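Should a chain be cited, it is by its letter among A, B, C and D, assigned in written order, with residues numbered from 1 in that chain.
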Amino acid sequence: MSKSDHEHHRERDSEATFGEYGGQYVPEALMPAVQELEDAYERYVLNNEDGFMDEFRERMADFGGRPTPLQRADRLSERYDREIYLKREDLLHGGAHKLNNALGQVLLAKYMGKERIIAETGAGQHGTATAMAAAHLEMPCEIYMGRTDINRQRPNVYRMRMNGAEVNPVTAGSATLKEAINETMRDWATTVETTHYVIGSVVGPHPFPKLVRDFQAVIGQEAREQIRERAGRLPDSVVACAGGGSNTMGTFHAFVPDDAVDLYAVEAGGSSLEIDEENALAPNSATLSTGTGGVLHGAMTKLLQSEDGQIMESHSVSAGLDYAGVGPELSHLVDTGRVTPASVGDEAALNGFHRLSNLEGIIPALESSHALGYLEESHDELGDLVVVNVSGRGDKDLETVLEETEKRDLEAAPDVEVFGQ
Amino acid sequence: MSDIEAAIRDNHPALITYLTAGDPSLEDTKAYVEALDRGGADLIELGLPFSEPIAEGPTIQAAINRALDAGTTPAGFFELVDELETEAPLLVMTYYNMILQYGDSEAPRASESDAAPPQSKPDVRLFVERAAEVGLSGIIVPDLPAEESEPLRAACDEHGLDLVFIVAPTTEGERLETIMSQVSGFAYVQARLGTTGARADVSNATHDSLARLSAYDVPKAVGFGVSKGDHAAEIIEAGADGVIVGSALIDIVAESDTPAIDLEAKAEELKRGAIRGTDGTGEDEIDAPEPEQP
Amino acid sequence: MSKSDHEHHRERDSEATFGEYGGQYVPEALMPAVQELEDAYERYVLNNEDGFMDEFRERMADFGGRPTPLQRADRLSERYDREIYLKREDLLHGGAHKLNNALGQVLLAKYMGKERIIAETGAGQHGTATAMAAAHLEMPCEIYMGRTDINRQRPNVYRMRMNGAEVNPVTAGSATLKEAINETMRDWATTVETTHYVIGSVVGPHPFPKLVRDFQAVIGQEAREQIRERAGRLPDSVVACAGGGSNTMGTFHAFVPDDAVDLYAVEAGGSSLEIDEENALAPNSATLSTGTGGVLHGAMTKLLQSEDGQIMESHSVSAGLDYAGVGPELSHLVDTGRVTPASVGDEAALNGFHRLSNLEGIIPALESSHALGYLEESHDELGDLVVVNVSGRGDKDLETVLEETEKRDLEAAPDVEVFGQ
Amino acid sequence: MSDIEAAIRDNHPALITYLTAGDPSLEDTKAYVEALDRGGADLIELGLPFSEPIAEGPTIQAAINRALDAGTTPAGFFELVDELETEAPLLVMTYYNMILQYGDSEAPRASESDAAPPQSKPDVRLFVERAAEVGLSGIIVPDLPAEESEPLRAACDEHGLDLVFIVAPTTEGERLETIMSQVSGFAYVQARLGTTGARADVSNATHDSLARLSAYDVPKAVGFGVSKGDHAAEIIEAGADGVIVGSALIDIVAESDTPAIDLEAKAEELKRGAIRGTDGTGEDEIDAPEPEQP
């Protein structure tokens, strides 16, 4: 290895990785684009060149509706006998935190002179956010979505199309998120010179995990200031759900240096944490709690995988958490003990959904309901002052919740038998 | 000079073939590899299937799914290679996670323990060790760019295996130099942007890439989209030292009633095409009709 | 008539009416409740007794997400060659301006010591807003909704139930909004001592039109300040859709004293402005443009009615505008020339919907799409600086828009034939 | 003393009956009204149907819908009344908008004209004039509280018609005094909160209301929920001067094969019950079995 190689690697260690995680495990054809993006990230995002971050923040305020409120949850506070505050990302345009990232990346693509936007989507939240951002910024946009997900998430498909995006069905494998990501990467490998791939979470090759985190970090920045104003001090703990981990890192980032603030990343416990090794099937997507290190979709991170290294099918009642990987920075923060991984199963998440709807008049996304479910299960360890990120609204989940509630005897659910009448 | 480099230089213009191991079974793969060897393949890539093949087009994706459904594992793969006795050296083509996880079954899952201890980075040496043991001559990893290849390259060096890098149409300038300075075996020249898959023509990007690489004295083999003798001829004529053919062979595996026979014949056709490329003649009338595109 | 009677009547003229409109045309049994509400309106809303308005504003910020942005619509501005600004009520919690009023009234009911909330709903927007507010403030809540509307608006029914509200189907007549209002009035006439009826627009007996207007007035107050900050001056015109007229009055109220600001109330032109007198059927709900004075649901106002005084079935592609009455204050402002009534038909509204979705990345409610459709039809008279109220988001309307778009050849629509694939 | 007040005082305890005009046709209504008159009704209310009857329960709502479907108009209504020759005086019961719009067909729609001129407030006098002309003795308007009644009261005064006010269980204190000071004809005492409709019992609110009104020297008739002779007896015993029965009669109109006969019999039963109330006796054994509740 030459000296310059050595140097190159040292530099990479600090920039492209988080401890042992991260990196750029992509086909050679994509490397120049990934490096171009690194450059753009540094210039526009880190150094605000051409006023990029100013424009981003302005558009997030005017178009996106930032800042979002930090609301005291009166009845949850009473129930858990501590102060519970909700960060209301459900009020963001599009109905979830996803727009923070989508708008940031589409705007960045524009600054980079790209002519076309592609993105993957699972439940459709990132797809709709990207389609909205692309319409807003006048960029042609194509979204890859698994055929199974298309059939399950019609309204989000309609929304994307109404915003002028094309929706490309992916039929491989189980035809859900994982396959959609694979297919988007393939599109990108073909069109990389003119196209920007808007990755939907803090995953993928460097610089995506940092780029997405920095666009989402506004959640925690606002929340940190708001809680100090409201409660006069920093919270004892901050709770967010984790799929890929973008709302998670977005909420945590500003608090990471605050050692006294405990950070809880709540994953989908699905129906069980036990893994079916035989069939390479995880009935959960609790990657941080149960996963092992490996490479998926461009980064070294914790994964749900078989002994051989095959990626498992993950499962959760919440489509947006249903992913076998997780952001590399979160993997690192869990390994170093800064972030505590937790998991909440389907049933507890459904109860969390009903509890917030019923007690606070906020219908949360099923993803966010995992963070809320954690309050019920483990509020004692959270301290006296707790911030929970409500990453999105649950309008998209009504049918699923109804179906899943009908199957169960849920403590917090209303009588759904009468709903159909 | 490594086995691989020798196989290309000695058999110039070289035919390099790809099959997915375990499609439709490891037994069948054995027979097919032997057929390709007979048909004139100078170097044979065997795909160790990974569940997320992001660099492959529909043809190889389907082959990988068939192989996984058939229960193909790294252990079985290595046994197959161990049994094979081909004239052509063998390379394994797989995704990086398969290499990382190999033999790592003892690694504790992060779960139960109170504060999960930092996991030691998975070790790639076990895979390379085993690859060397069963007689593989090299490794190609489509999702491992030069920037991330240090650990694997070190292990390959240690065990005398070639780590083959891909040069894409987008690889230019400083990166091209870095990669070419690390080339071992041959440079895998990606014929066009996109994924693997048989195509009806040879892309302009191929000519551009070969022109860009002409100054480097390393064997260059062109893959991605090569499906018939004419392509091979054109590519060799443009300055390549070898052609790499995959999806066109997998079509035969998937569709033919006599795959071994047809694979052997296809290898012959391709090799003939390649040779024709060295003396600048045009069409080869005895080319088989273009196969159906999937 | 005694002197005190005379005085009482004089007083009423200024307080309970708007010119010749308004008043309190309700059954005797309700009069004490209506007067109790007058008293509460004066004390809590007008005089901020017990800090009522402070608490209301605080909750609208924390729970509701106020202030909402005023966004420059870049591509609409380009298209119409003037400055177009959008007031983003679609970003309010629940997805429409309706929460301003619902939260205000539920909170008021609480201050008044009421124990139970009832409300009518048509498309379900006011019902969901009321259910959310009632859950938030821990008040039992029942919503009356026409059976036909229940069948058309399932997701909103689910949302209300998730928030713990009961939804009572109304089967009389055409089983839509008008019948639901009648039925809610009947409930109120039975339970008036303990129950507050949260009327959903600036309609009904005094003090409802003022009460609802004052809760909604925050829209225009914010917009007025925002446009002055952004554009350095007041707008030339303000445009809002009008059903009952709550988003309309909410947007206009702060601008009424600004004589130079033109106010446009855009009603649903439906399929035609012609009225089918024979069958007492209006294929529109352009009450301000075509209606005549009369009494409906407690107030004197403009109505769609037959010569005999029977109320007509109104029609619009947008359920939220589909009402045969309108707020009495709007009737008055139209008669005095301060507000210009306008109407936009189903087709132009659908084009307005698609245009905003496609050009700006905002999917508006079909109601709001009428205001947007008006830009296309008559932007020349609007002047150089225009504020349009986007009263709600269109998630609830996706199915309707799809169906209605398939029937037509719409200039601004994407190719909806592929949506189902 | 007005016709109405006289009809109650002279026939104490009085029976007041309600039917919706035009249910199922104006012809039928004529026959039914005559039957009630024969059966002993002392005062007859006729409903002029309005499309939004917010004070009515399901029974009268349905009657109104049948009447509207049959094409009942104010013009037809007045013609019917004009033809009727009953002993009992007639009142019209309708909603305020019907009164406002009557005869107002010439009013221009606000549309076409450039700046719509302020419309003149609809005039209630045309309706009252016509009511007087066809011989109606009074008007009841369920959605017109005393506070809004000035124009209609003036018109009624001018034409010698009574404007009957409703006193609800919630009407108390100052408002009660104001209303009682304006009473003409009789005070319509609403027996309970809610809407019209036959009920199985007499509410406590009735007793409370009658107690509250006992100091006022005006005829008091109790309605809302009265369906049988026993109710009538109880109400009269509690101090009322009359009972008002509507939904129970409409049930007969809707369900009986011989409505005229049954209405006459029902009126007799109710009148007997009322009379029984004056001498404090208990149950009336010959009461018809309780009708099915809708």
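Heads up, the rule we're going with is that contacts are C-beta pairs under 8 Å (C-beta built on N, C-alpha and C of every residue); 3 or more make two chains touch, one makes a residue touch a chain.
According to UniProt, the chain labels map to these proteins: A, C = Tryptophan synthase beta chain; B, D = Tryptophan synthase alpha chain.
Just so it is clear, the structure is predicted and the values come from calculations on it, not from any experiment.
A.B. asks: Just to be sure I understand the contacts, which chains border both chain C and chain A?
C.D. replies: Chains that touch both chain A and chain C, as defined above, do not exist here.
A.B. asks: Can you compute the centre-to-centre distance for chain A and chain B, using the mean CA position of each chain? Integer Å is fine.
C.D. replies: Their C-alpha centroids are separated by 35 Å.
A.B. asks: How many angstrom lie between the CA centroids of chain B and chain D, rounded to a whole number?
C.D. replies: Chain B and chain D have C-alpha centres separated by 95 Å.
A.B. asks: Using mean C-alpha positions as chain centres, tell me how far chain B is from chain C in Å, no decimals.
C.D. replies: 66
A.B. asks: Quick check on chain D: which residues sit in contact with 2+ other chains?
C.D. replies: Within chain D, no residue contacts more than one other chain.
A.B. asks: Classify the chain contact graph as line, ring, star, complete or other.
C.D. replies: Graph shape here is a line: each chain touches the next, no loop.
A.B. asks: Which pairs of chains touch each other in this structure?
C.D. replies: Touching chain pairs, listed by label, come out as A-B, A-C, C-D.
A.B. asks: Show which residues of chain B lie in contact with chain A when the two form their complex.
C.D. replies: 50-55, 57-58, 61, 65, 68, 73-74, 95-102, 104-105, 107, 109-111, 115-119, 121-122, 142-148, 150, 165-172, 175, 178-179, 181, 190, 193-195
A.B. asks: Using the touch rule from the top, collect the residues of chain C that touch chain A in their complex.
C.D. replies: Answer in residue numbers: 61-63, 65, 68-72, 75, 88, 90-93, 95, 131-138, 155, 157-159, 161-164, 169, 354, 357-363, 394-395, 398-399, 401-402, 414, 416, 418-419, 421.
A.B. asks: Spell out the part of chain A that touches chain B in their complex, as residue ranges.
C.D. replies: That would be residues 1-2, 5, 8-9, 12, 16, 19-20, 23-33, 35, 172-173, 178, 182, 185-186, 189-193, 273, 280, 288-298, 302-303, 305, 307-311, 334-337 of chain A.
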